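For reference, chains read A, B, C and D in written order, and residue numbers begin at 1 within each chain.
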Amino acid sequence: MASAMSEEFEKFRLKIRNFVEKELDPVSIKIEQDTKIPDKIVDQMRQLGLFGLSIPKEYGGLGLSTIEEITIYEEITRTNACHRSRIGTSNGIGSMGILYDGTEEQKRKYLPRIAAGEWTAAFALTEPDAGSDAANISTSAVLKDDHWVLNGTKQFITNADTARVFTVIAVTDEQKRARGGVSAFIVEQGMPGLSIGSADLKMGLKGSHTNEVVFKDCQVPKENIIGGMEKVGEGFKTAMSVLDKGRLSMGACALGAAQKIMELCIEKIKNKIIEGLQKKEIQAIQFDLADMGIQIYAARQMLYNTASLRDHGGNITAEASMVKVFCTEMASRIAEKAIDIFEMDGCLTSNQIEILLRDVRLYRIYEGTSEIQRIIIARNLLKK
Amino acid sequence: MNFELNKEQKQIKKAVKDFVKGEFKKDIIHELIENKAYPAKILNKASELGFLGIHFPEQYGGEALSVFEKILIAEELAIGSSTVGACVSLAGYGTEILLQYGSEKQKKIWLPKVADAEILSSCAFTEPGIGNNIELSQTTAVKDGNSWLINGRKAFAVNGGPLAGFYIVLCKTDSEAGNPEQGLSTMLVEADCQGVSAVDIGNRLGHKLLFISNIEFNNVRIPLENLIGQEHKGYSQVMEFFNHSRLVIAALSVGTAQGAFDRAFAHVKQREQFGQKLIDFQITRHKLAEMITEIENARLMTWQGALACEKGSTNTKLCSMAKLVATRTAMKVCDHALQLLGGYGYVQEYEVEGFYRDAKMSEILEGNQHVQKDVIADTITGKR
Amino acid sequence: MNFELNKEQKQIKKAVKDFVKGEFKKDIIHELIENKAYPAKILNKASELGFLGIHFPEQYGGEALSVFEKILIAEELAIGSSTVGACVSLAGYGTEILLQYGSEKQKKIWLPKVADAEILSSCAFTEPGIGNNIELSQTTAVKDGNSWLINGRKAFAVNGGPLAGFYIVLCKTDSEAGNPEQGLSTMLVEADCQGVSAVDIGNRLGHKLLFISNIEFNNVRIPLENLIGQEHKGYSQVMEFFNHSRLVIAALSVGTAQGAFDRAFAHVKQREQFGQKLIDFQITRHKLAEMITEIENARLMTWQGALACEKGSTNTKLCSMAKLVATRTAMKVCDHALQLLGGYGYVQEYEVEGFYRDAKMSEILEGNQHVQKDVIADTITGKR
Amino acid sequence: MASAMSEEFEKFRLKIRNFVEKELDPVSIKIEQDTKIPDKIVDQMRQLGLFGLSIPKEYGGLGLSTIEEITIYEEITRTNACHRSRIGTSNGIGSMGILYDGTEEQKRKYLPRIAAGEWTAAFALTEPDAGSDAANISTSAVLKDDHWVLNGTKQFITNADTARVFTVIAVTDEQKRARGGVSAFIVEQGMPGLSIGSADLKMGLKGSHTNEVVFKDCQVPKENIIGGMEKVGEGFKTAMSVLDKGRLSMGACALGAAQKIMELCIEKIKNKIIEGLQKKEIQAIQFDLADMGIQIYAARQMLYNTASLRDHGGNITAEASMVKVFCTEMASRIAEKAIDIFEMDGCLTSNQIEILLRDVRLYRIYEGTSEIQRIIIARNLLKK
């Protein structure tokens, strides 16, 4: 599958791999301490075009296909996951709503800035009482003269502290709610009534932040509804439509991390063999390694196949959920086994394995928990 | 046969529960972690209540109770906080070696200090690069006149650092021994001896309040009488000790699992999604059933191991089984608990992520699952 | 607390072991299976040795021992043969209902016959299509003068068929009951009553020597006094009984696991591949360690459940936990054992394939894992 | 991937699916009783060309590509596995040696007869003391005048009782053994000194037999060494070269069975929903269903990708092992879960699920156990 990619893209992919090894890996432990990605790194990511991977070329992005985009995620998650997270919302849930459903004017205004990494985009859907149950949000938007007035609190909003523009999902018709009463808004940082809370103290992804985002009589221009006034009430559809690809992305991130973990384990096992130590222990961990190889191979094939299906216009709702569950759960299993192989060394933050274990655990929650994915999958299987 | 706690044991359990309720405050613990401070105040109170060295004979400052009571306390402490629980339960780390093999003088001097929380007891067994294969220790103790001269580097010494009163150091005393296991001895090295230096292992996955250090012994001179027990018997002493320490980790892990379960249970009872309490979903209920069953399982295995110790000797097989089952259970239960909390599971404030990290680290401490399986297999095939 | 068998229990265990050694011949058992014959001779000898109804009071032909001894015997029998073990252990299937709720006359007449292996005791609870939801039973018992008139079809009656002396039948006696659970009663129906007909369920996965039949009741007339215990209390009687029968299945499963383990252990000790005994491969050793640990686990859980019964009542949670853990363990262990035998694992002669099939069927008998988890969750959330 | 197949092949595939449903499914239970595939069915299989799927057209076969062949296996294992087994050796290990390494004369003599189903081909490698350790075979072949004289016993030889021609692996140089001392012979039924033992009583695949094959001074014409006299000593290479595809085939068989099982579960769950029964139990089994879907999707993608890789000339040694482990273990997991969903009905042989559970268990042993596969995989990963 990967072999079908263009030579030009292959070059880009190698450039990113090089960037990861030369620039990102060395700052990983520092980021754990500082809980911040160095500005220099963000600049480099901008220059590489990493904020606009899938935004079409006409809007200043790289215009990558799905399979190309996920391949880049695989590369960039071979290190501390915060980097992918930093570009993730601009490439995915933060900008895709505008791309899929926005007016031409909105696209022209926002996408080039997002693609350039000038404006980070974020996506505000989740609320304290509406996690998996997205249809239950209570943030409201009321039209008052030429402005929408937003009120409510969003939670766990990735990149809220660096975002210049938010895609915000809010209720515009309390009666209809998910069935035509929810709309998507473009809210810019600085609009009156928008405030960002302090960052959550998370288990992993220390360099990437999630925050509460509070709307208190927040004034948003009438035309900032995604797709314009004719799309009022279609926000839930917009929100859901950006999720399929998001699930593939999560799968790719988990896969990239898993692949990296396996490679580190291979090195570790080779060293154990060279050192002549622990020969008696070497068979069981080799079997663990074989299991890593098997799962990663399976994960990669299902991911690539699904991405390719999407690029060919297929409906991948069930498949994307399958990919997300399999890849993300696989990555946790592999990370846990890897710590065993590294023994106490694996518990040190100075070792990448320790960071990766904590990072990958997020993927089973983020952008739809494994449980929600299984509900979607079962529903689809029973439909047949 | 009787699987019930007696009255005194129930009282002890209750006393620990009350202590935990009064002293283990989430915010204080997070602050300690933030500041890399030791929970000294809590340890002192635990000492006052007689929880430290509860199995020491009275003349050494203990309560003359048994291993069973010791692990009962460990479990209960970890329910409150797996992190602080580990500090308190491991404050006397290695004292079983003194109890069983030490001279009257060694016991008289050091055990009361441990029971009184004046010092921590520390052990230096493994070395850089040898992992679980401590028979490969290269640190030497050489007789030089009236003293032993100790040189070498040890890794991952629990309680090593500023609060350690002494180290029990596994040293090579016969480099000619055909079987390296028979050329090792344990030495009691006072922590303030010249030439002893300890460096904290730095940031790590879990058990962040525990002091764990790499220790260097540079021409350290100690009196001949500081040999513990017989010369060249160090390896078997340490192996025997591991049976004890594995039980403690097992008990902590049962508590870790129970602590994570309790928090997840409380969460799903109040959290609503899709118009229903989470606890009313079958999938949630099944997960809870799974978790509580595994905890019960792990608890019985741990109790069985501890009961076998009460008869004066340890049962290697049962101790390793307890360690294997309990630590694995803690990981599984914490992982489920984290997932049940969704996004909240990933942030510090809800505590479960801390239990998860401690659980994984406990799986590695005192020998990972491969080590335990090696040991169990050895016992059933007559190799141990 | 004390996890040791007392002297009498050890003697019983030894007696059963000797019995198994003398009577459970592989070839004879395979021949019985081939000929679809019941192991009547073995059952008679078991009766002579007092293994049947060991927990019946002496006046009903028993030894007045407790549930614990009953399950101890079941485990030991299943080590010899999971198939024959099930026949012997379940020969008195349902007698707990008579013991607990039956009239003096019912007990006097029937229990000694069961203890003497004169008849088998059978129960007819579930019905075609209702699976585990026996509250949906449609078989009716209607008072008609001095008798009950019973009509309906029951499925999967253990011991149903030629050797059954009587059936305990769950019947609807109040079709108006708002909660169907409160409209059911149990009736004692003699097997030779007119209108009772039994049809064997035919070839099945495991437990091939056990009679399991679908039973039809066609205008069956029984005396009013054949109601067992109180009217409309049948459902709770059966639920209480399930606690007992689940423990028996759990004990059989522990024995099944142990039996498979013993055979695999013997095999790997003598089998050589790649110039090494199989037992010298770490991967084999780890598998054995895993198996024996899980068996220990399951045994403790089962013992705990049985001990709780000794106090006069059953503990629903502990019984379901024991069933869940022990049957799952049996499946895992048998699966490993089969794999350890390689090609030999797949052929009858080496017995392990039979243990595997019985193990899976035991997982389903008396409620599959979903049922057990439902029950456990109900107990911890106060619904049961 | 499958979409890339020719229309002609698609037609053939549908014909086979139809054949499975209309002809094979209905005889499945009868086969379990008779332990024999009806002759009529074998004739139909001949007419469909099923004995020569991958034999090139020039030798009378269908000349299918790897991916096409495995697709057919997927179809034909949607029922009792004995049918696939009946054609398996002729398509695979029994004939491929001749095809890969045989002389033109050998090909012309045997392949058309095998392809036509006129002569069933079998493969005799495994011996009582050489299961996974194929290099340890002791069957010897000594050249005496113009004949090879074979002596030894082969075990578990599939289709031995119906085979007309055997590919037999024997030692021709005791010193060199696997390194140039093992040769492959074509032995025809009827050659003096060849005898077939009674069929093994297996757990599953009742309609397909494995037997002992005994060579007692068996006389084989000199020219019957595969590839002629210049290939003496290269039999081990021949034996190994036929295994890669065999592993993919096993994967495909497991996948076909798993897919069928899932479809049966979907029907069962739909029925449960329609019946309105067990609503409270419906969420957990839906999650089980989702897991089936996920695993099957992953398995299929990795299988197709590897087959396609092989068709494009790639080395697939490690990948084929990954496919075999993943698919076959997945099928067991799914079959076990399915029995839970079907409850007691799933334990009846009259239900396909019961047969499929027993059948798929073989795949984890046959043509290289999971353990051997993991060794191959780990070795390959560590080579990189």
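By definition in this document, a contact is a pair of C-beta atoms (placed from the backbone, for glycine too) under 8 Å apart; a residue touches a chain by one contact, two chains touch by 3 or more.
Quantities reported herein were computed from a predicted structural model and do not represent experimental measurements.
Student: With respect to inter-chain C-beta contacts, which pair, A-B or A-C, contains the greater number?
Tutor: A-B
Student: Farthest chain from chain C, going by the mean of C-alpha atoms per chain?
Tutor: It is A.
Student: Need the CA-centroid distance for the pair chain B / chain C, whole Å please.
Tutor: Here chain B and chain C have centroids separated by 42 Å.
Student: Which whole number of Å gives the spacing of the CA centres of chain A and chain D?
Tutor: Centre-to-centre distance between chain A and chain D: 43 Å.
Student: How far is the middle of chain A from the middle of chain C, if each middle is the mean of its Cα atoms, in Å?
Tutor: 51
Student: Two or more other chains touching the same residue: where does that happen in chain D?
Tutor: Within chain D, residues 280-281, 284, 287, 371 contact more than one other chain.
Student: In chain C, which residues are in touch with two or more of the other chains?
Tutor: Answer for chain C, listing residues that touch two or more other chains: 282-283, 286, 370, 373-374.
Student: What residues of chain A sit close enough to touch chain C in their complex?
Tutor: 280-284, 287
Student: Provide the residue numbers of chain A that touch chain D in the complex, in ascending order.
Tutor: Against chain D, chain A makes touches at 1, 262, 266, 269-270, 273, 286-287, 289-291, 293-295, 297-299, 301-302, 304-305, 318-319, 322, 325-326, 371, 373-375, 377-378, 380-382, 384.
Student: Quick one: in the complex, what on chain B touches chain D?
Tutor: For chain B paired with chain D, touching residues are 281-283, 286.
Student: Inside the complex, what are the residues of chain D that reach chain C?
Tutor: 32-33, 126, 129-133, 136, 155-156, 200-204, 275, 277-278, 280-281, 284-285, 332, 336, 339-340, 343-344, 346-350, 354, 357-358, 361-362, 364-365, 369-371
Student: Touching residues of chain C toward chain D in the complex: what are they?
Tutor: Contacts found on chain C: 126, 129-133, 136, 155-156, 201-206, 272-275, 283, 331, 335, 338-339, 342-343, 345-349, 353, 356-357, 360-361, 363-365, 368-371, 373-374.
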